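Each of the next two complexes has chain A plus one more chain, namely chain B in the first and chain C in the second.
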Partner chain A sequence: MNSTTFSIAAEAGLPAGAAALAPEASVALSGLSLRYGGQAVLSGLDWVLQPGQVVGLLGRNGAGKTTLLECLLGLREPDAGEVRLFGRSVTQLDDELRARVGYVPQQSDLFEGFTAGQLLAYFRSFYPRWNEAKVEGLMSRWEVPRDRLISKLSGGQQQRLSIIRALAHEPDLLVLDEPVASLDPAGRRDFLRELVERVLDRGTTVVFSTHILSDLERVAFNVAFLKEGSIACQAPLEELLDQVRIAIGSPAELQALQAAHGAQLLRRQPLAPGREQWLLRFARGVPAVALLQPLNLEDLFMELS
Partner chain B sequence: MGFDNGCRRNCTPVDKGYVCVLLYWYTILIHAPLSALDLFHINTGSTEPIYRQLVELVRRLVASGQLRAGDEIPSVRELAQGLVVHPMTISKAYGLLEAEGLLERRRGLAMRVAAQHRRAQAPLDRAELLRPSLERAAQEARELELSAAQALALFNEILHAGEPKS
Partner chain C sequence: MRALAAIPQAQILLGPWWSACSTSRRVWPLLVAAGWLLPVALLAYFKGAHAATQLGLLIAVVYLQMLGLALLISLVQQNHPHAARLVPGHLQHLRACAAVLMLALAPACGLLVGAALGDSLVWSLAAGGCLLMIGVSVRWPHTLWWLWIVPSTAWWWSDGVVWGLLSVAMRRWYAEQPLILAACGLLLLPWLLSRIVLAGGTGHRRAQARAAEWRRRPRSTRWSVAETPGAGGVGSAFNWLYGLWCAWLLARARPQPRSVLARAELVLYGNSHWAAHLGAVLLVLALAALLLVGVLMWTPVTWELIRSKGVAGMTVGVMSACFSPLLGLPAALHQSRREQALLMLLPGMPRGAALNRALARRQLWHVLVALLMTLILLQLLLGPRALENAALLVAVGLLLSVTLWADWSRRGLPRELWYVALIGGGIALAISLAVVLDGLAWPRWLALPLALPVWLGLLRWRWQQLQAWPQALPVGRSIGR
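Up next is the complex of A and B:
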């Protein structure tokens, strides 16, 4: 099976001219490799996140999303490769730089013997920039009780608290690993609303993994697909929906179609003898050909991850 | 700005009295642009990107007269918050609508539906704009169990009456 990988200029999601100013990338990963129990999880992965980009990280279960995010944050050391945050190596991250990063881990790492109020007071002491008004507002709107032990909070309340903790110091880079997995639809909507109303505005770079594609579609301007240890594709989602099509036919027919329109072959799958399914990207515009079928985000996930 | 959302979320008559509810209706009644928010909706999971759904929605709203020349539309920020969608997606839709002459930008003021279209649309595009109305009409014709000939005759009659359909 031929699966062609491709990558897009990371600044594709930024307004024209922004790239010319060459702002320092918020995140730059190069040649990241990591083996785990004899199996390659990341293999020579390169990934760049520009300031202000909101990127949804997609991948199948076990694709290594959490591992990748942990490496990105310097919580896990790769076997090879380099991680730079705001232009500096993650191995030399000091408190000042650390204070610019917010992280919501997949597994709650909150101290269970604390109350929510105690936890926040504790974290507050580490961060020069801590927006207490924001914390107060979120705690009351999201109905997280301050005085109850964290171990006595529901899974959803713990997750809300974890998000509040990550937003409190108004980070420049926000990393969220399945941030809404234990939230109900109302809780997810509250979280997305907070992102749109008060986080994206600040030009925060956001990367989050989730399997809830409808949420991702709303707020992630860019999507990145993690497959076989590297970023198989990163592009603005609307561009993928506009340009990528599935075609089924004979190899000769499909090849002619591809050549005629300068399409990029993203994936090709044999279906039956003499019959294949091709995933094609028409950067110059999709031709009006009946055999081309559009895809939604779920289809893209199935094809590209 | 965004007041109605906050109100709906935060206040209940029990904890904050009826003031918020009254203010909410006040905002809706007094500020036309806010009520225009209710006209906007999107679908996730579609093969159509959200910006394109919005472009087509505004075209239909204008074609159907729900938005008229001079009507103000929600700001990028208001619509992003109302639909819970990345503001850049809204900007892109508004940009395209402005480029095709449907919306006009005014310095320091809300965008509004253009007073008149500067560029005449190609006949084919214009006919396409009729599609949603005709689809609705076709649906109703089927519900009324009219034959195609009867429906077409009526449409023909209306067209030739020389009066714009209201």
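Up next is the complex of A and C:
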């Protein structure tokens, strides 16, 4: 039973491959492809992030989220395609552009030989802008001791320190690879509050990958689903929950339903001979039809990733 | 082969060979072994068949001991505390393999050395003792210090009463009852070696954890700024210069590539950073000098005696300290690969070919300074007569330094075999050069000026290549592509 997923760039309203037409975008990826050996990790991926957008990147384990974020930052060369940050190619990342980018990698146990204070002093020496007051405030609020070796900090403290380091130079684009994975619920809530209060006020573009769907519901205004090497769907979360429904029936029934309400087909999956399950998005409002079932974020994750 | 795979002992002993799935990894040991034919052939040409046979036999013994090392590492890795308790017969099979290893390798080594130098039984026992020490240091790596200290202080204790009595008694036993001595060795050595396979439980788990930490620590980047004076621990004392250098760089940070790369290097190389090396070497020299002053002042030992008996020890010590950048930089770069992603996003960090060139230049300086230190230290410690061989070894070091100019985007963590190839190949090259120079009745220091044009040619070739290679950092990101 093979399923088919249809890619859409819903939020930006851009057709596939049109990333290059968005010069004002914070991030524009077009036709990005990358293979490991014989396996395609990214295949012709197009993605646009507008300034101030907060996007949660969702995908199953091994879907290529980290690879995508690394390509986005120019840390990994794709086989084909182009990445532009703030209108400029990531291959020509100059110092001014780098000062506008913050990155929190998946691993938090980095720079283990430094103390927290030494790590911050080390990074401060590179950046032209550094908000020491913000660093001090976050260090004290998140209870990260300055004089302790990073290897001696707990996983949560290491993660918090990594986030503080990434926020300290007040980037315009913040890329976070599973940033809350090591945090306890209280730490996650604090971090997300900080992200919303401090980062969004500045109009920072934020993209973060996560597996914790409840966090996504709390903070991400947009979600992007990475599946089979491309962005299967990106749209505001509320909109997706309001507009997307599962429909089960015969192909003829489902086609009639789609045509009648101008629905967008996101995914189709054969269930049995003559019966299929379609994932439909009703942009003009969901009709009151019995064969439609609502979805929560977890259902969406299962269907679209 | 299938029938062999069904035998548990064959599974245990041939595991490393079978797990080396790629053909290239199986071919490498054979290539290294073949490389040693060069000095043997050169010796046969210049000194005749007898000398070449002797060298060939000794090389074969070294290879047998290295085979023993590889198999013992594999045995210890397979000896997991859970498996020792829960897998039926696992412990017994592993111990039997260890005993068989001793029974096969020790007499084989003894016969080979005996064919070259005579006294096969003595050499068999010596080879067995050597294999036992290898096994002990594989199981309990921290004992390496003691295993190194005992032979390196032989100049002091070999003249003592206790060693004198023991030595006489052993010689008498060997002369009067060689068969009983052989039988004792035959029973005792295999049993002792089989004891490196532990039987599970708390002690085993503790030994396992301690060994893992011991192996991980020298390769990790953890010894760095934090372990500067005042932070406590042994590492802090050895890293005094690294800490000072780091503080100096941060205080004078500029957005220029030179300053940025110097700061990035602190993280890139960690323990293998030149300041960490130099600081450690200077501290060790200072401690050795203090000890020496004490020995010279309060004992009848003279500096001439130490120098005459300690030539080999001091040469090996200086060479290993000064060659360690060559061996340590690839592993350090691999260890810091995750940090490199963040470094590459820092303002001022060069990219692409510019990064490759800058990194290569700095690595080259690193090695050149280390090799220069080798010459200076050996000259200071042993006088001008040591310069002959030191120049030869430095020439080999120069030629091997070209291996640092590599496509780092495709390099993984160097495996044991890489070290064996580099060190083994280096020694083979040094012996070959020495044989040729001696054969031509030329001084050995000529190896250095002779190697220079070859080295420059190799550098030119690699320099052109590295400009076309993908950006070096983060290291290993293109493995598998």
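Everything that follows uses one rule, which is that the second predicted complex is superposed on the first by the 281 of 305 C-alpha atoms of A that agree within 3 Å, B and C clash if a C-alpha of one lies under 4 Å from a C-alpha of the other, contacts with A are read in each partner's own complex, and residues count from 1 in each chain.
Everything that follows uses one rule, which is that a residue touches a chain if its C-beta (ideal position, glycine included) is under 8 Å from a C-beta of that chain, and two chains touch if they have at least 3 such contacts.
A quick note: this is a predicted structure, and the numbers were derived from the prediction, not measured.
Peer 1: Taking chain A as the common reference, can chain B and chain C both be placed on it without clashing, or not? Answer clash or fit.
Peer 2: fit
Peer 1: So, does A:151 touch the first partner chain B, the second partner chain C, both, or neither?
Peer 2: Touch status of A:151: second partner only.
Peer 1: So which one touches more of the residues on chain A, chain B or chain C?
Peer 2: The larger set of chain A residues in touch belongs to C.
Peer 1: With both complexes overlaid on chain A, does A:233 touch chain B (first), chain C (second), both or neither?
Peer 2: After superposing on A, A:233 lies clear of both chain B and chain C.
Peer 1: A:280 in the overlay: touching chain B, chain C, both, or neither? Say first, second, both or neither.
Peer 2: neither
Peer 1: Identify the partner contact of A:224: answer first if only chain B is touched, second if only chain C is, both if each is, neither if none is.
Peer 2: After superposition on chain A, A:224 lies in contact with neither partner.
Peer 1: Once the shared chain is lined up, is A:197 touching chain B (first), chain C (second), both, or neither of them?
Peer 2: Touch partner of A:197: chain B, not chain C.
Peer 1: Of the partners chain B and chain C, which touch A:83 in the superposed model: first, second, both, neither?
Peer 2: neither
Peer 1: Using the superposition on chain A described above, determine whether A:297 touches chain B (first), chain C (second), both, or neither.
Peer 2: In the superposed model, A:297 contacts chain B only, not chain C.
Peer 1: For the superposed arrangement, tell me the lowest C-alpha distance between chain B and chain C in Å.
Peer 2: Minimum C-alpha separation, chain B to chain C: 28 Å.
Peer 1: Could you list which residues of chain A make contact with chain B in one structure and with chain C in the other?
Peer 2: none
Peer 1: Would you tell me which residues of chain C are touching chain A in their complex?
Peer 2: 220-227, 249-250, 253, 255, 260, 263, 266-267, 270, 338-339, 341-342, 344-349, 351-352, 470-471, 474, 477-478, 480-481
Peer 1: Applying the document's contact rule, which stretches of chain B touch chain A when the two form their complex?
Peer 2: It comes out as residues 2, 5, 9-10, 44-52, 80-81, 83-89, 92.
Peer 1: What residues on chain A touch chain C, complex-wise?
Peer 2: Per the touch definition, chain A meets chain C at residues 35-37, 70, 73-77, 91, 93, 95-96, 98-99, 101, 103, 105, 107, 110-115, 118, 121-123, 125-128, 149, 151.
Peer 1: Show which residues of chain A lie in contact with chain B when the two form their complex.
Peer 2: Result: residues 13, 54, 141, 189-190, 192-193, 196-197, 200-201, 213-214, 217-221, 237-238, 241-242, 294-299 of chain A touch chain B.
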